[in-house]
Every structure is written in structure tokens, then in C-alpha cells.
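The two complexes that follow have subunit A in common; it is paired with subunit B in the first and with subunit C in the second.
Now for the complex of A and B:
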């Protein structure tokens, strides 16, 4: 039974992630007053990329991208989708925090092997950005764990189902707002699209990826989108009883994120850090203090 | 995507993928690049054809050579072309890469681009309108369908001749040959 749940959860994550990539391109096009690509365009791109002859730059180049993909897949297994939660009994939020670091690490290893200057700029930006959003993220997760007195994400979802969503319950409100504020940085969309930045540093860590390697990196990016949104839905929007409700909640959050993505220009790295360490961190810290005092 | 193309998709997914996902190198090689921003942005919207500009040659499979090719640019063009993963398609844009155009007696531009890298199709005109890019893209689809867009295979087969032509213009090339050259020269 667990095997079925593992496969089902991975397939759902892949489907939702790739569907969201296509949907984002379509919605962006409609906002630009264009017709836009068909919604299946990421699938067409993936078919094309896996049929091209990629250029490898060494052993670590091949293994790093696989490490990043594996890290994302493990995080997907740890997140409950409705009633499907194959691995969420093992470790909960703490393990998720550690495992979320594997994806950028793998990309950094892989890109470092290619030895392109744009890659090193992109990787240093990625690590700086991660340092920016992980301080508020840590405060938020501490507040959640203190409020619900557990590290198990399944129990957190269950308690929200019994009472109400964490986002609308009073002590958790500030932490929820802080998560909304850092969500674009976690997903790496436009105001915080500093890492890829195709116009500045030729798509950063991806600069030497071609063919199947780029295909794997695209899948990893789609899974990253899924993980960022699914964590928010599970922690603050009450998770879901069945996968369909979960999907609808994710869709609402993602479409709102795309609107922000379409409306804002890209920040510079020091502007991004200044923003991330000011308002989201302040909200998250005050939220943590409120949770501890009201306990 | 047409619904009646479903059988084609099931039969040859690779070919259809190459057709409908043409990612172009955003490399400004001449004055013709001025026609590319309107065609990729809101006015003409190349993305509905699956044509998307990408920042690096590694991710691309379509190379638009837009406008005159000076000797210095030719060097960058050859390096970019060799970095693209196969299969890759090249389209010469404007009359200058075809036969020199208004620069035909210039000392510093090359006249026939297809002596140096293989070209799959040409767009004539000085300047061609952005609509011409889409006509070219649809022609390229037919060529890929009939397996006639084989520039990358021609480059592999007659790499010796292409390399000789390149060295005639550029002198000794400072990068190793992409494919093995049979026979010492």
C-alpha cells in the first residue's frame, strides 16, 4: 500500500509541477496581451530536450543534477497530499528543512563542474538568497511547531482540519503573512528571479545545461515550485482531506504568485536581502513571540 | 497543436518535439536583430509557435543569423554553432548572409555564410518583416517533417571542408576541431 502511495504522490507532484509551469507561461502571455504557447508546451520542451544530444562536463556534472532531482523527490514524499502521506511519519518538518537544501546543493555541484563564470555568479546569488529567506522560514516553522506542539506535518494538518486554518487563527496570523511575503523568494519567481536572470547572467546555474541535463533541471524546477506551494498549503491553509481540494488550494496560491511575478521587475541581490531580512523577518519574529506568549 | 496530429505525435515524438519547441539563441549578429524584439514580444508573439529566445547556446536548437556577418562575428558564430546540442537548425535572415547584400564588396564581411556553417533555410529581404520569421518557422516545420533540415548532419559529414573554409578567412583557429578530421593537413 505504501508503494502505491509513493508512486501516486510522485506522479501527482510531477503532473502538478509541470502543469503549473505551462499554466504560468500561458497566464503571463495573457497578461502581456499575447496569445501565448499551448498549455502543453513544457511537455513538448521536455520531449525535445530528452531527444537532444547533451554535452556533459564531467562526472560531477552528471551526478549533481541527479542529486538535486533526488532531493526534490524525497521532499515531495515527505509532504502529505490530502490523505496520501507515504513518508511523512519519518521526521516531519525538521527533515523537510534539511532535505530542501539538497536541491540547490546539487545544482551548485553540477554547475561548478562546468566552470562557467556565469554559473558561479548564479550559485553565489542562490546561496545568498537562501540565506535571506531561511531566517524568516526558520522563525515561521518554529512558530508552527510551538503552536501545535508537534513536528509531524500530518498532525499539524489534522489539527487544522479539526479547528480552522492556521492562516485565519489569531496566534498564527503573523507567521502566515510572513510566509506569504517570502513565498516568491522560495519559489524563485520574478521579484526574486535573481538566480536565473537570463538577461543578466545567461540563466545563471543553468548556463551550461543542454539537452537531457536541462530536461532534468526543468523537472527539478517544476518540483521546486510544487514543494514551496505544498508546504504553504499544508502549514497554513489547512492541508486537505483529498488530493483534489489540495490541488485547488495550490492552484489559487500559484495563480496569485504569477500575478505578482507578472507585475514586478527583478530586484538586485542586496535589495532582496534587505527586504527579506526586514519585513518578513520582523513579522515572523513577532509571530513567534506572540505564539510563545499565548501558549 | 492540432488534434489530428495525435497519430504523428505517437509515431515520432522526437521529431514533433524538435518541431514545436524551437528555442532560439538570442545572439545579435547584425542589424536584422532589430526585427527580433517585436516578434518575440507582445506584438507578434513568437511563443505561440513554440519559438522562445534563450540566453545560452547550450539550451537552444535554432540559430537565427540576423544581418551582415563581419569576419570577427563569424568567429563567434562558429563557436556558438558548435556549442549547440544536436539536432540544431540554422536560418539566415536578410540578404547579407545570403550573398553579401549591400556589403558585397566590403573588405570586412563574408559573402556566403553557408560556406562556413550549414544553413537550413534563408529569409530574403532587407529587412524582412517579422511576419517573414513566422513564414520561415512554418517552412522549417515542413523541412523537419520531411527530414530535409539536415544542416547538422552535413556539418558532421563534410566538417573537413567547412573547417578549411573557416581557416581560409580566420587564419589558424584557436579551438580544437569539433569532429575528427580524417587525414593530416
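Now for the complex of A and C:
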């Protein structure tokens, strides 16, 4: 049963992640009055990339990308989808927080072995952006954990199923708003597409990846999309009873996000951090204070 | 096996090493390594046996005691292991330098003194060993001369201040209770009033806080760690400052006792809460100052202050889980920070003393073992899962969250983000990125440097996957201090509100990595090219022209650096300058003319007579 759950949640995450990547390009294109690529474009790209020859810069280059993907896969297993939660008893939300580190760290180590200035700039931006959104994110997660008095994400979902969504229960409202405000930064989509920034630093940390390496990096990125949204759905939209409701909730959040973000230009890194440390942090901080006062 | 024998070997060994050095440097090296390894073995034997008190000397009617229990042996084994590895590392590091005999004498003497501190059973021996440690540390920090002299001076001035506070405390305890025996004090301190206990704690915590480099007593640490010889930096950061931690545990939980300590004050003003807040501040500020450093050892030094904050936060918070987390973090920090200082030392050794992060780079292929060690050390420092640092930090976070202190938890968690940033900067700027032309034919580090690096890296991974081994010892210490027992298994820790099971995570990561590896293997084989063969959008990147690592976090360091000046250090320096000014002003009265001195005496008499006539106080 455990094995089935593991495979099921991995497949679901891969499907949703890759589907969302395709969907976002289509919706973006339509908002920009273009026709856009077919929704299956990421799948076509992946098949092509895995049949191409890659260029490697050494052993750490290979290991780094493997580590990044492995980290993302583990996070997927830690996030409950309805009753499917294969690894939930292994440390709770704190472990998720840490496991989410492995992906950027792996990409950074991998890219670091090449002597490409774009990689260095991209990695520096990624780590700084992460530090930027981590301030409000930590306040939000602490508010959730303090409010529900547990560090287990399964229990948090369970308590919301019994009562109501965290987003609409009064003490958590401000934290929920703060999470919505930082969601694009967590996902790394526009206007926070600072790390890749194709026109500026030729996809930053990914610049040296080609062929199968780029394929793995794409899968990792897709899983990253899944993780960011799934965390929000689990923490604030009450998770789900079955995978289908979970998928619908994720889809709504993602599409709404794209509508807003497609209209915004890319920020500079300082602007992004300034934004993240201003309103989202204020909301998240007040949210935590409210939770502490109301406990 | 008795504690007295351990100390005899430790102190005797250091002196014999010095004498042997006058005969032959080879014999001295072998002997120093043997002594340090023998200490490890003896303490391991003690750990297997049962503890107790033993008197070794009578001094002015006070019997000086040694005692062995789990707490002291847990610290002792850490001291002896890291000490032995640091001696092995020194073999090639310090060869061809001057005053090597003196170096080994001091290194072994410091180890011996630290063993003495944790094994002493009364406060007088504690104080004596504490002073031996402080003074020999001062001599070894200043070993390199130049900037190291100023660093050592700063250390010893602050250290003396702490020692004086401790001495006052010791004397006060003796006059009040008539004994300096630790277990006897613990028994009679219940009779003392709260005010007395608080003032006693403040006196001793000044001494321990200075050694442990808690804000606002941290300012000696960065220059001292940076300027000391690298193997000694690893001892300094790994265990020496933790003598403060030992002192904290000793006074909070052995002497004052758990229940008494937690009851001092209440609410936000309780003693443990204030100390926890100090710990949290000590995590936050130094971590972000570390981010701004360009000197590898300075970066690690600031990081040490930050990590010491975690230890203090865990220990001062005073629940059974947090104290276990704090003690485990003490052990873990010794291992990975020791490792990182050794790795940086190996780079420093091969590049002839370069530790500037802006001029190194790309050493991964030149020094693979050192790189792997540094990477594992950095992962432990961040607390990535499957390293020991993860387990200890998890324990601290968990208890802070579940005990409803989210703001302390925020400090701890956000400090970890700063840790990620500076750890990656260290790894990237030394080992990754472009290899400068001048380091093209650098050789890998010698075996005597690789050996300690490999040992410490293995400990990090081993206790990351089997955290139960040290946690069982820590648990028994906790129980002996009067805390609730934890449900420790080999893989982690179980409790009703959140379990940790490392083996699941380990399996999951391995399976994930294997899956990704299979996909990569199944794809067409990649071509390996040199690191200069990169994509630059059609324009070739000239070799060795640009420095990609300069100002690695420039956008943010520009934002935060104005707020992160070390105001406290500036204040101390101003205080020192002001004191010097006053004293040199006061010195002017010594003119050398007898006439002037006679005048002072007459003036004083005149003032005294005037006072007596006016107010008649006498």
C-alpha cells in the first residue's frame, strides 16, 4: 500500500507540474494576444531533450542535478494529497521546509562547477530571492503551526477538514493573504522570474544545462511549481479529501496567479526583496501576532 | 581508570612533548599524536565505566575533587577527539614554522586544561583549570604575531574581566556555604534566597557568556578565530568556547537545579526567557554579519557566534527536548565547525596563507577531499537532512514552536537562511566557479590533513543517519539533570506531537537520487568538457579577466550592511580608548620632582582637615 501511495503521489506531482508548465505558456500567450505553443509542448521538449547529447563539466555537475531532483521528489512525498501521504510521519512541516532547500542547492552546486558568470549571478539571485520570501514565509508557517499547535502537516489538513479552511478562519486570514502575495516569488514566476531571466543572464543557473541535464532541470522546475501551490492548498485551502478536488483547487490558484502575473514586468532583485520585506512581511508578522494573542 | 590518571597523562604529556621537541621534532610529533589518541581511548573507557567523585589534592583545607559523570564525559570525549584530530592536522600545517615546540606544548596544555574543567568536582579546581585554559589560549592566539597580537590582547582583556566575575562568585559561594564541592553546593543552595541565586548566576554567566561569545560579549571572537593558526581555530571554535556552554549547564541544571532555575522570575521577565532572547539575538545578528565577510576564517568566526546562539537558546529554554537539542547541537557544532576550519586551513596551507574569498575559486578538482569535507561540513552547518546538524536544529525548532514561542522559533529558522547564504558563499568562492591561473598547479592536501577531514565528515553523516547514538547519551544526561526522558530510537525521536524518523528520509533521498540517476544514465552519454568551455550567448568569455565571485551578494549586502555595523565592538573600543586616555592623563601627576609629591601630600592633608572641620565625619 505504501509503495502504491508513493508511486501515485509522484505520478500526480509530475503530471500536475508538467501540465501547469504547458498551461501557463498557453494562457500567457493568449493574454499577450499570441497563439502560443500547444499545451503538450513541455512533454515534446522533454522527449527531445532526453534524446540529445548533453555537455557535462564534471562529476559534481552530474551529482548536483540529481540531488536537486531527488530533493524535489522527497518534498512531493512529504506533502499530503488527500489521504495519500506516504512520508508524513517523518518530521512534519519543518522537514518540508528543509527538504525544499535541496533543489536550489543541488542546482547551485551543479552550475557552480562551470566557470560561467551567468551561473554565478543566477545562483546569487536565487539565494537572495529565497531569503527575501523566506521572511514572510516563516512568519506564515509559524502562524499556522502555532495556531494548530502541531508541526505535522497531515494534522493541519485534518483539523481544517473538520472545521473550515484556514484562509477563511479569522486568525489565519492575514497569513493567508501574505502567502498569496509571496506565492509568485516562491514559484519563481513573473514578476519574480529574476533567477532565470532569459533575456538578461541566459537562464542563469540553468545556462550550462543541455540535453538530459536540461530535461531533469525542467522536471525539477515543474515539481517546484507543484510543491509551492500544493503547500498553499494544504495549509490554507484545507487540503482535499481526494486527488481530484486537490487538483481543482491547485488549478484555480495557479490560473488566478497567472492572470495577475502575466500583466506585470520583471522586477530587479533589490526591488523584489524590498517588496517581499514590506507588505507581505507586514501582513505575515501581524498575522503571527494575532495568532499569538488569540491563542 | 580514574579521572586523575587522564589529567596526569594530559598535563604530563604536554610537558614531555615540549622536552622531546628539543631532542627531535619527529619523535615529538609521534609522541604528541600518541598522547592525544591515548586520551581519547582513556575517556572512552571512562565512558563505559561508572562515575564518581575522587579527591586528588588538599589545598588550604579545601579538598580538590575530580568527578566523572555522563555530562562531563560527554564534553570530555568531544574535547579529546577534536583535540587529537587537530594535532594530527597540525603535523604538516605547523612544520617549517618557528616555535613549533611551543605550539604543541600550548595545544596539548589547552586540551588538558579543558579536560580539567569538565572533570573538576569543585569550583576551585574549575577556576584554576579555567585560568590555565584562558592564558594558554591567549599565547596561542598570538602565535602568528602582527594582527594576532591585537586579537590576543582583546581576548585576554575580556577573558580576565570574566574570570574576575567568576572569582567573586566563587569567593561568595565559599563564604556563604563554606564549601566549594559542586554536589554539596547543589544540596545547600535551596536554602539561599532568590536574590542571592540571581546575583550568583549573573556573576558566573558573565564569565561563561564571554567565553561562549554571547552578544554583547562576542567582540573578542572574530579577530581571535581569524588570526589563530587554523588547527587551533578549529579547537577554539569547536570546543573552547563551549566551555562556556558547559558552565551554563553546570550552573543552571546541576547546581541551581532544573525546577529552581525555571522558577526564577516569571513570564517574559523570567531568567530563562531573557537568556533565550539573548540566544536568539546572538543567532540573528552575527549570522548576517557573517554574510558580509570576505575573509574565509572571519566568516566562519561570525558563524560560530551565531551557532553558539542556537546552543544557548536550546539550553536556556529549559524543556527536556530543547536542552537535548542544545547539547546535541554543541556536539554537532564542534564536529562541523572543526571540520570547516580544518578545510579552510588546508586551502590556506596550499595557497600559502590565502583566505580572501574574492581571490580563491575553482579548487574542487585540485583538492577533491578538502572540497568534499567542506561541503559536508557546510551541509551540517545549514542542517540539511541526513547530517547531524539537522537533528539538533529540528529538536530546537520543534520545542520552540510547540511551546508557543514562535518569535524565538523565527529567529532560529531565519538564522538558518542566513547560514545557507554564507555557507554557499564559502563553498562557491573557494571551490567552485573559475580557477584562477595562479592556482593551476596547486597540489591536493597532504594525508595528515585529509585524515581528520575524512574522520569528521564521516561523523557528520553517521550521526545524521543514526542520531540515536549520541541522543541516547544526551538523554541519560538529561535524565540525570532531572528532565523527562525522551523516546529516543536509533533513527530519531518519537513523541505525540511530531516524530522524526531520519531513516525514512534517507531511504527516500537515496531512491529519488537513484531514479534521477537512472534517467540520466538511460539518456545518451554526455560529453565532459573543461570548465572554461561555456555558453556565453555568442561572445567568448575571456579567461582570468573577470572575477565572478566578487561581492557575491551585492544587492542585499548593500541593503543590510548599514544596519549591521558592530556597534558593541565600537563601544568597547571607545571605552578602551577612553580608559587609556584617563590613565595616561592620571600618569602626568608623576612628574619626578620631590617638591610636587610633597605638595600633593600637603594638599591632601589640607582637604582632609577642611572636611573634618566642616562636617566632622570622623
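Basically, the second predicted complex is superposed on the first by the 295 of 295 C-alpha atoms of A that agree within 3 Å, B and C clash if a C-alpha of one lies under 4 Å from a C-alpha of the other, contacts with A are read in each partner's own complex, and residues count from 1 in each chain.
Following the convention adopted for this analysis, contacts are C-beta pairs under 8 Å (C-beta built on N, C-alpha and C of every residue); 3 or more make two chains touch, one makes a residue touch a chain.
Since the structure is predicted, the reported quantities are computational estimates derived from the model, not experimental observations.
When the two complexes are overlaid on their common chain A, residue A:241 makes contact with neither subunit B nor subunit C.
In the overlay built on the shared chain, the residue A:98 is in contact with subunit C alone; subunit B does not reach it. Once the two complexes are laid over each other on the shared chain, residue contacts for A:208 go to subunit B and to subunit C alike.
Within the superposed three-chain model, A:198 lies in touch with subunit B and out of touch with subunit C [touch as defined at top].
After overlaying the two complexes on the shared chain, residue contacts for A:56 are found with subunit C alone; subunit B is out of touch.
Of the two partners subunit B and subunit C, more residues of subunit A are touched by C.
Look at A:33: by the touch rule set out above, it reaches subunit B but stays clear of subunit C.
Overlaid on A, the two complexes show subunit B and subunit C touching the same residues of subunit A, namely 51-55, 202, 207-208, 211. The residues of subunit A lying in touch with subunit B in their complex are 25, 29, 32-38, 40-41, 44-45, 47-49, 51-55, 198-199, 202-203, 206-211, 214.
If you check the complex, the residues on subunit C that touch subunit A are 362, 364-365, 375, 382-385, 390, 394, 397-398, 401-402, 404, 406-407, 409-410, 413-414, 417-418, 420-421, 424, 427-428, 432-435, 492, 497-502, 504-505, 508-510, 512-513, 515-517, 519-520, 522-537, 541, 546, 548-549, 552-556, 558-559. Residues of subunit A touching subunit C in their complex: 50-58, 60, 62, 65-67, 69-74, 77, 87, 89-92, 94-95, 97-99, 101-102, 105, 108-109, 112-118, 120-121, 123-125, 127-128, 130-131, 134-135, 138-139, 142-143, 145-146, 149-152, 202, 207-208, 211-213, 215-216, 268-270, 273-274, 288, 291-292, 295. Interface residues of subunit B, counted against subunit A in their complex, comprise 1, 13-14, 16-18, 20-21, 23, 41-42, 45, 47-48, 50, 52, 54-59, 61, 83-87.
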